[in-house]
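Per-chain numbering from 1; labels A, B, C and D assigned in written order.
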C-alpha cells in the first residue's frame, strides 16, 4: 500500500472514508481492550472465562502491533517530513511520545503472555493513552496549565504548608481523644487532605471543640483554594483563547492564495487589519448592486452567495467580495448568512493602503485579478460578490 | 376560537391577561402532576389514596391533551408560518422537540391507565420537561455548552483516563486489604468516581498508605478538573454574553422604523457605530436648548422626557433625540434617566457619514422627518429632544 | 443631643471618633447577644446560668432599643431628607428594611420575656442582620445575583428537573434493594440532593450497578452545574465591576468644583474622555519645567507634589495639573506616585475641544482660574503642577 | 567570604552555580526537617529512633542557624541597601518577616532541646514557611486576595449569618429527634459548616423532613457561595494580570538604555504606545531589504536574527529593529521567531512624534545612534535589522 494513502488513512483528523473507518476500528479496539482488562479484574469472570480474555487480550495487542507497523511505515509521508531520509523520520517518530505509547500498546500482549497470570492484563490500560491523539482540546488545556504553572505551583506550595500545619494541629488537638485516627501527623494528614478537598469520607472526624474549629477553618480554606484555582485557570484560559483566535485569523489569512507568496510580515499586518464580525442566521451580509467597500474571509459558519442559476455555499476559510477591491464595480450578488457565522472584514481603505506600502503584494494581486477575470470560468465561489 | 388569539394566549412570553392566566394554569398543572407522581411513589400514600391519585393523574394528562390540541390548532398563527399551508405547519410543529414533549405529556395518562399499577405513574415526570419552554436562559446555557463541547469532551476524556487509571491502581493497592470494596476494577471505579468528584460517601475508603496517597492525588486532581471546567465555561459564557449584547444592539437597530427598509448591511454598520453608555438613575442625558449632536436608542431602563404639560417616559427599544439629526435645531426637552439605564448613542458625524454613503437611507430618513415634523401630531415620544 | 451630630455618629461609614466608638459598641453588642443565644441553647449552660442569660438578653435588647430610638430621632438629619417634614422622614425610615430589622432587634427582648422559657431566646438571631448595614460589598453581590437572576433561575430549573428525574430513576433502580433509603421518590430526593451537590453524607448510597452508574453521572453533572454557576456569576461580576469603575470615574468628575455647575451631560462627556492609567510606586508622573499637556484626577492611591518648602500629598478624588490647561505655562512642580496609583488623565486637546463646544463650561473654568491665580494664596494642592 | 558573593549565593532567584547549590541544599534541609517532625509524631518510630530523630532535628536547626548568620551578614550587600549603615540594614532585615521566620527556624533546635520530650519537635514546622520566599506567585495571590478583601469579607459575613441561622433552624427542627447531634446551636453549627462547604462527613445528618429541606437549601447555598467566591477572585485576578502585564511592559521599556536617562513620564508614554503582538514559532517578523517602519522589544520568547556568518538569538527584554528608526535604511537582516513569542511593536510614526515632543529624548537617541553606528563594532544583537 502506498505510504501517502496509508498516512491519510491514519491521520487523526482525516476526512476520507478510509480514515473514518480506521478511526472507528481504532476506537472500538481501545474500548474492547479496556473492557477485557476490566473484566479480567473481576474474580468470577476471570475464573469462568480467563483463557478467552487472555486470547482476546493478545488479539487486541496484535491489532495495535499492526497499527504500529503501519504508522512507522507511513511516517515519511507526513508533510513536514518530505525532504528528510525515511529511516531517520521513522526513528524520530518511534522516539516521539505518540510512537512510544504505540510501541507499549503493541508490546502489552507479549508482556501479558510472558508475565502470565496475576494482574498482567492491567498493562492493557496503556491503550487508553492512544485516545489522547484524538483529543486536540487536551493540548490546549495542557498549554493553559503549562502557562499557569508558576501560579499553580505557588498555590500548591501554600496548599501543602496549610495541609501539614493543619494536620499537626489536628494531631495536637485530637491524638488523646482519638489515638486511632489522629495518632500521628501522617495519619492526621489523611484526615486533612480528605477535609480540605471537601471530600469528607467521614472515616476520621474531629471530636474536640478545637479540632472542629480547625476543621471548619480548613474547609473554608479548601473552597477558597478551589476558587483561587478556578480564578487562575479562568484568567489563563481566556488569554489562551484570545491567542488562539489571533492565530486562527493568521492561519486563515496565511492560507489564502493572495498572501502565500508575500511572507509573514504582510500576513501579520493583514491579520491585524481584519475585524471579526458576527452575523445571525439569515442576515444579509451584502446586497447585489451595492458599492463594494470591503472583502470578507469566513472564520466560521456558512454563507450563501445568491447567484444564478443555483446559489453557492461557502464555508470556513473561504472568502468573497474581493472582486470589488480590484475592479471597483458594484456587488454582483447578494450574500446571506445561512447559519450564525463570524466573518473577518477587510476594509477597502486598509487594503489599498496595504497595496501602496507593499508593491510586491500589489503585483501579486493584480496577476490574481487578471487570472480570475480572464476568459476561463473562475472557480466556484471565487468570482462572486 | 380564533387561532391568532389562541396563539397569543399560548405564547410563553405573552404579555396579555389570557397569556398570564394560561401560564399560571400550566405551571400549576405541572406542579400538581409532579406532586401526584411523587405521592404515588410513597407506599403508605399509595395504599391509602391510590385510586384518587390515578384519577388525578388522568385528569392532569387530559389537561395537557387539551393543551396539545390547542397548540397544534394555533401553530399556523406563528409569525414565521404565515405563508405556509396550515397542515404542513402543524405537522412540522408536531415533529419539533416541543411538540413531541407535549404529545408525550398528553399520552402519559393513557399509558398510565394501560400499563396500570406498578410504577406507571412515573411516566408523568415528562411533564417537567414542559417547563423548559419557559426558561429562555437554558438555551443560552445550552449554546455555551455546545460551543465549548470540544474542550469539554477533551476534558471528559482526560477525566475518564484518569478515572480508569486511578481505579486500576487502587485495585492493585487495596484488593488484598479490602476484597469487598476494591476486589475488581469496576468495583474500584465506584470508589474513584465518588472520590474524584469530592463527593466522598465514605462507603469505600482506602486503607493502605499507597492507596491513601493515590486518593489524595485524585482528590486534588478532582478540584483541578472542576476549576478547569469552570475556567472553560467562564470563557465561553463571557464570549456568548458579548455576542448576545451585539445581537441585542442589532435587534434594537433592526427594529427601528428608520432602518427596516434598508436591509441588513446598513443595520450592521449602524450597530457597529452605536456606543453603549451607562447612566445612573437621575443623570441628565441631555438638556433643553443644548445643541443636539447625537441620538439615543434605549437598550435597557427608562428615561423621562421633560416636556409640557406632562413628562413622557420611554423604555427599552425606543429612541429619542433624532430630530436634532434632521433639523439641526437645539434640543427641545431635557431628558433624565429615571432608573439606571443603558443607552446606545449614535454620533451626528457618524450618522451623516452613513447618510452620505447610503443615498437610499438618506431618502428614507428625509421622508420620515417630513412625516414627523408635518402638521399631524407626532406619536408620543417620537418628536421630543 | 443635636440630630446632626447623632446622625454622624450613627453613620456606618463615619470617620469621627464618636462614629468609631459607636461602631465598636454596636459590633460588641451583636457579638455578645449572639453568644447569649448560642449559650442558652446548650442544655447544661441553660440549667446553670439560665436566669443570667435571660437578663443579659434583655439588656442587649434594651441597648438596641436605645439605638432604634436614636436612629429614628436622627433620621431627618440625613442629607437626602433635609427638605422634607421630619415626621414623614422618620416614618419612611421606620418602614425601610433597616428600620424594620432595628425594630425587631429592639423588640426581641420583650418577645423573649413574654414567650418565656423554651427557645424564645432564638429570636435574638435577628441581631445578626444588623451587621448587613456594615457590609457594602453585600449589596454589590446582591446586584450581581439580581442581574444574573434569569440565568440563575434557568439553571435552577434545569437543576430541579435533573434532581427529580435522578431521584425517580434511583427509586426505580434501588427501591427493591434498599426499601429503607430509596423506598419512595421523596426519600430518594434526599439522596439526590446530597449527591448532586457532592456533599455525600454516605447515609444513602446506591448499591445496584445501574444506581451507581446514575450516581456517577449526577456527580459529574453536579460539578458541571457548579462550574456553570461560577461561569455565570464571574461574567456578571466582571460586568458589574466595569460598571462600578465607570460610575466611580463619573463620581470623581462630578465631585470636582469645575464640573458641579455644568450638569450631567458634560460630566458624561468628560468621564468618557478620561483615560485611566496605572503608575507603580515611585514613578514620576510629570516633571517641573515640562510643558503641561494634560491634567490628572486621582482615582486611587497617593501622589506627592514636590513643591517648596515641604512636599504635598494628594489622595483619592483630588486632582492636579489643571493650571497648565489654563495658563499654558510649563509644570511648576514634579509629581511622583508614592504608592501604586491609578490616575485619570484628561488630555489638553480634549479639554479645549470640550471648552469650545460648551461656552458655559468655558466661562466657569475661566472664573475658577482667576480665583486660583488671584492674589489670595490658593488652597493646598490646587495650585501645583 | 565576600558579602557580595554571599548575597548572590543566597538570592532566591540567583542564576549562578553557588545559588543553585544553595537552593538545592536549602530545599533538601527543609524536606528532611519536615520528615523528621512527621516521623517523630509516629509513636512506633519515636520509640525505636527517638534519640536519633532529636539529634537530626538539632542538626537541621544548626544548618538553619548558619543560614541565619549568613543572611544577616550578607544583608548590606542587597542593591537597595548600598548607601545605608550596615548595622541598621542588618537590624532592619532581622525585623522583616523573612528575618523573623529565619530566626525562629534557627531557634527551633534550642527550643526542642529545652522543652524536651513531648511534642516539642512540632516547632520544626516553622521550617515550611521558609519556602514561601521561593514562591513569587504566592505574593500575587496575596495581592489579589488583599485587593478583593472587601468583597471577600462581605461574602464571609453573609456566609456567617447563613451559618448561624441554619444551625439555629436545624437545632429547632432536629434537637428532639437527635439530641446527641443537634442538642444545641454550637453542636448544630458543626453540622452546618460540614454541610455548607459540601464536605459531608456524615457524622451528623438531619432526619426530619424540615431538617432535610433546610439541608438541601444550604447545600445549594454552599455551592452558590463557592461560585461567587470564584467569580470575585476571577475578576480580581484578571485585573491583577492586566496590571502585571502593563508593569512588565513598563519594566521592559524602563530597562532599555534609550530611556533610562529621560525619566518616568516618557517611559509611561512609550509603554502606552507599544502594541503587544503574538507570533507563532517560525513566523517571519521582518525581512532583509524591507523598509523599516517599526522597532520591536521582546516581551517573551526568542527570535533569530539571520545575519552572516552565524545567526544571533535574542531573548526576553532585548530589542531589535531600532537602526531603521534612526537611519531610514531598509532592514539589514531577516528576523524569525524560533519559539512562540510576544513582541512589543513601536511604530515609526509614534516614535518620531515622541521625539518631536521630547527634544531631550531626541538628543539622547542621536548620541546613542552615533555610538552604535560609529567605527567600534556594536554589541551583538544591537546593530541588526
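Please note the rule applied: contacts are C-beta pairs under 8 Å (C-beta built on N, C-alpha and C of every residue); 3 or more make two chains touch, one makes a residue touch a chain.
From a predicted model like this one, the values you see are computed outputs, not experimental measurements.
At the far end from chain C, in terms of centres built from Cα atoms, lies A.
In summary, the pair chain B and chain C forms a contact in which the copies contribute largely different residue numbers, shared numbers making up under half of all those used. For the pair chain B and chain D, the distance between C-alpha centroids works out to 41 Å. Computed from the mean C-alpha positions, the centre of chain A lies at a distance of 29 Å from the centre of chain D. Across the assembly, chain A contributes 198-202, 226, 230, 232, 234, 238 as residues in contact with two or more other chains. The touching residues of chain B, when paired with chain D in their complex, are 198-202, 230, 234. Of all residues in chain D, those touching chain A in their complex are 34, 37-38, 41-43, 119, 122, 125, 128-129, 131-132, 135-138, 140-141, 144-145, 159, 190, 193-194, 197-203, 225-226, 229-230, 232-234, 236-238, 241, 277-280, 283-287, 290. Contact residues on chain A toward chain D in their complex (touch as defined above): 150-155, 157-158, 160-161, 164-165, 168, 171-172, 183-186, 189, 195, 198-202, 205, 212, 215-216, 219-220, 222-224, 226-228, 230-232, 234-235, 238-239, 243, 246-247, 250, 263-265, 268, 272.
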